[in-house]
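The letters A, B, C and D name the chains in turn, as written, and every chain counts its residues from 1.
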């Protein structure tokens, strides 16, 4: 499927500030950028930094005044789709060693403190895709999606008890449970087709068999319509903007629409991976 | 039923220390002290303080050296037993105002942070005794009783997520859930018949209809064999000993046995209250 | 000094609700109520509950619609003023046993977790009034008073690290430090003369010598102009309104002004107690 | 300086288990491995994984029975030594983008929650090496080194308040403060010459000017005698052994001694970096 997407960000800057943005989609075997543009007004020099197929940062320094960022892209997704029933868990003996760090606890995903809860709730689920699916179902049914209910300090440990949050909190809890179950998991920020209202979205992926599969416990958008921006241990790694200085975000527009006739329903019992290992 | 019970505590005292003990059983309409003795060696002057039918503290000051406390009592319990099906919840409009503070969060029972979890899990349970019973069943099934798994800083907020604890943690979580559901609840320390191994025990009571009913989510001892020592908002109020100074508890023996032929099975669908309001 | 004070509260009530208010001043040897009035519109039946010289609660049930509370009082304060240099700490051996519970940790004052910090920072301060003064100075200099920086879950443990809060947080931290130092301490809600903007105020008192002395680490209002409403272990006990139901507080006015010529400067080296033990 | 070092680990394995070890020293421009050996008994196949000059993991699978790991190395350190007075901070505009993630909060270093404390305590310190030194001095003076006082869940947020910990806690707090001050910082595990008793040691490094400089707030061993094992965001990344299975560590010996005549005092006003960017 093809998507046209983008975002527009307008800032008031009170004094010289440095921005690190992570708003561009990344390119990999499953996600092709057909065209993209990035307009910065007033024009500023930009420093690009591409982390190996996971993040496409850029940094710029802006003086007092206005700053406007206008990003547009056309992207084609060709997912690796797989029958969920065949997707297996792999033992710690076989997890690639560069994937192992995604088993460790991180700022917002304190898997070390959720070990027993995860074992009690999911220890008897069928291993593999079904177990991660059970984690997502639990979250979907137990956690209420309430805008504004959490803030930038909220972590999976809180959400497990306070039972409310937004997409980022749902992702954090999914990641923390997976890690506690011995399944590597990580955070994904994305443009999400059909998300309403449109916004940057957060979901997560779990490492099963030989690749990362996408999961979205919020059920707010189909996983095969997620266009990946950034990837990291948790939200701390993938903020759409990290700002050093005194600025005000006046306006933010995020959009994504499907283009062309071709459409694919997100099918039952199908898992989508859009990154290879 | 009649019980013979007591405890023996042996301390090494490194320097002048002050002790506040809360090891004596209290007396009320349902709990009659037939005889009791308290031997302190070496003999020390003792200051008694009886909080209105809830705690029977005594304080003593001891110099460097040994201190031995030997408490014995014979107690008769005449519970107020009631058919659980008839025990109703009362609305906030009718809770006696001196009972209202037991709706407020306390150090180890942060009901304010467990509101949504409590509503989600128990909001649809039948009001009254059945709801508190559902809380106890949840705790019994979800929390593992593991000696040494927690410490004096562990609170209900932790236990809800970490899912392990001892009797005091079970009681704290029960209290926190009840308060979050609008049911006054408080902490009870007790000599517990048939508790194995013998130790000071913790349980809780909830205010239903017109009185406090006993609950024990651990299921380690029958509620009609609990002989009450202290009552408070949580464990912070009812420590068996609060010590100011440098001492070592060398030995602690706690015992309780039933005396006389008469015995009463703790019956199904029967609730026990051993304090009037 | 004499004060005229009061508050006006306007609610929209969505469905039958129960209110427990704690807005009336209490009366004791040092605080005389010359006259007071309480108007409730529409007229509702009111249930009064006076806790022994510490809180003057009233409860009422209101149906869907409007509710307006108008409280006014004229109060005379005759403080027990004392030279701060002569105010001593008392040993745990001599603290009255009914005061001892104010040494225990509570929901918002987790003194058990601040033991070492309190000892490190204040362990070498001169015992007595000077030590509690040092606690208040530390709080005043280290914690920023920032409206809206905290919420109803914020506790002393958080404030010690996050270093920002409002009057209630300042009071909680002061209480927690005192308890950690072996000094009984408790929360006081008050009408505060010269507080700008006017609002319900929170401060704390510490038990020294033979009575409770007032402290206000915010330095926002003179301690000899504080007219006491409620007293408790922490803010959980002294909310100006506890509401069971669905209501909106539309408007709240709080005021206090001095009447008559007679005025007393809050003097250096003078401590004020307005409750006897 | 040259060092001979190593460790010996003896395990009892209850059932098939997977180990990921991070005990070997890494090699970089400043740390040359002259020789090293790794003996595993009984002999097991080993999978090596070298993260780019930061960690040298190896994984092995062991069946029920005994497992013994014997690692030995001879290492020469040629530090980049620099006059501390000349070491400057760099602005966020110039921090290399691959270093930026070390500004983000991590599991044990919640810099996002320590922003104000860090600014209040260190905001006015001279920028550069002096500021990180001030952080270390604060930690050294305020936090007590107490073996056994913390566990694997303890984080910088706890240590800031509870004021006690071991080397790992000292490092976490140093890292969290640096990040909160806008200085990238990361965790280093090491063999530490003159550490008594010998053990794996933890310290941290901060990114200043154009490289990572070592800091050790514990003052337990000279920084120019630290031989680096692993590097990561915090202790979650650098455990000496991550075990999947049921095993008991029966014995652990860690040692390091200087060889050859040549010795270098750790000099005042000298900073040591042993990794280039």
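By definition in this document, a residue touches a chain if its C-beta (ideal position, glycine included) is under 8 Å from a C-beta of that chain, and two chains touch if they have at least 3 such contacts.
Note that the coordinates shown come from a computational prediction; the quantities given were computed from them, not determined experimentally.
Chemist: Contact counts by the stated rule: is the higher one at A-B or A-D?
Modeler: Between A-B and A-D, the larger count of C-beta pairs in contact belongs to A-D.
Chemist: Mind checking the centre-to-centre distance between subunit A and subunit B? Centres are C-alpha means, answer in whole Å.
Modeler: Each chain's C-alpha centroid was found; their separation is 47 Å.
Chemist: Could you give the separation in Å between the centres of subunit A and subunit D, each centre being the mean of its C-alpha atoms?
Modeler: 30
Chemist: Counting only residues that touch at least two other chains, what does the list for subunit B look like?
Modeler: 113
Chemist: Name the graph shape formed by the protein chains and their touching pairs; answer line, ring, star, complete or other.
Modeler: The chain contacts form a single closed ring, each chain touching exactly two others.
Chemist: Note which residues of subunit C are touching subunit D in the complex, please.
Modeler: My answer: residues 113-114, 116-117, 120, 142, 144, 157, 160-164.
Chemist: Taking the touch rule as given, give the residues of subunit B at its contact with subunit C in the complex, in rising order.
Modeler: 18, 20, 47, 49, 51, 57, 59, 61, 91-93, 97-98, 100-101, 103-107, 110, 112-113, 152-153, 182, 233, 236-237, 242, 244
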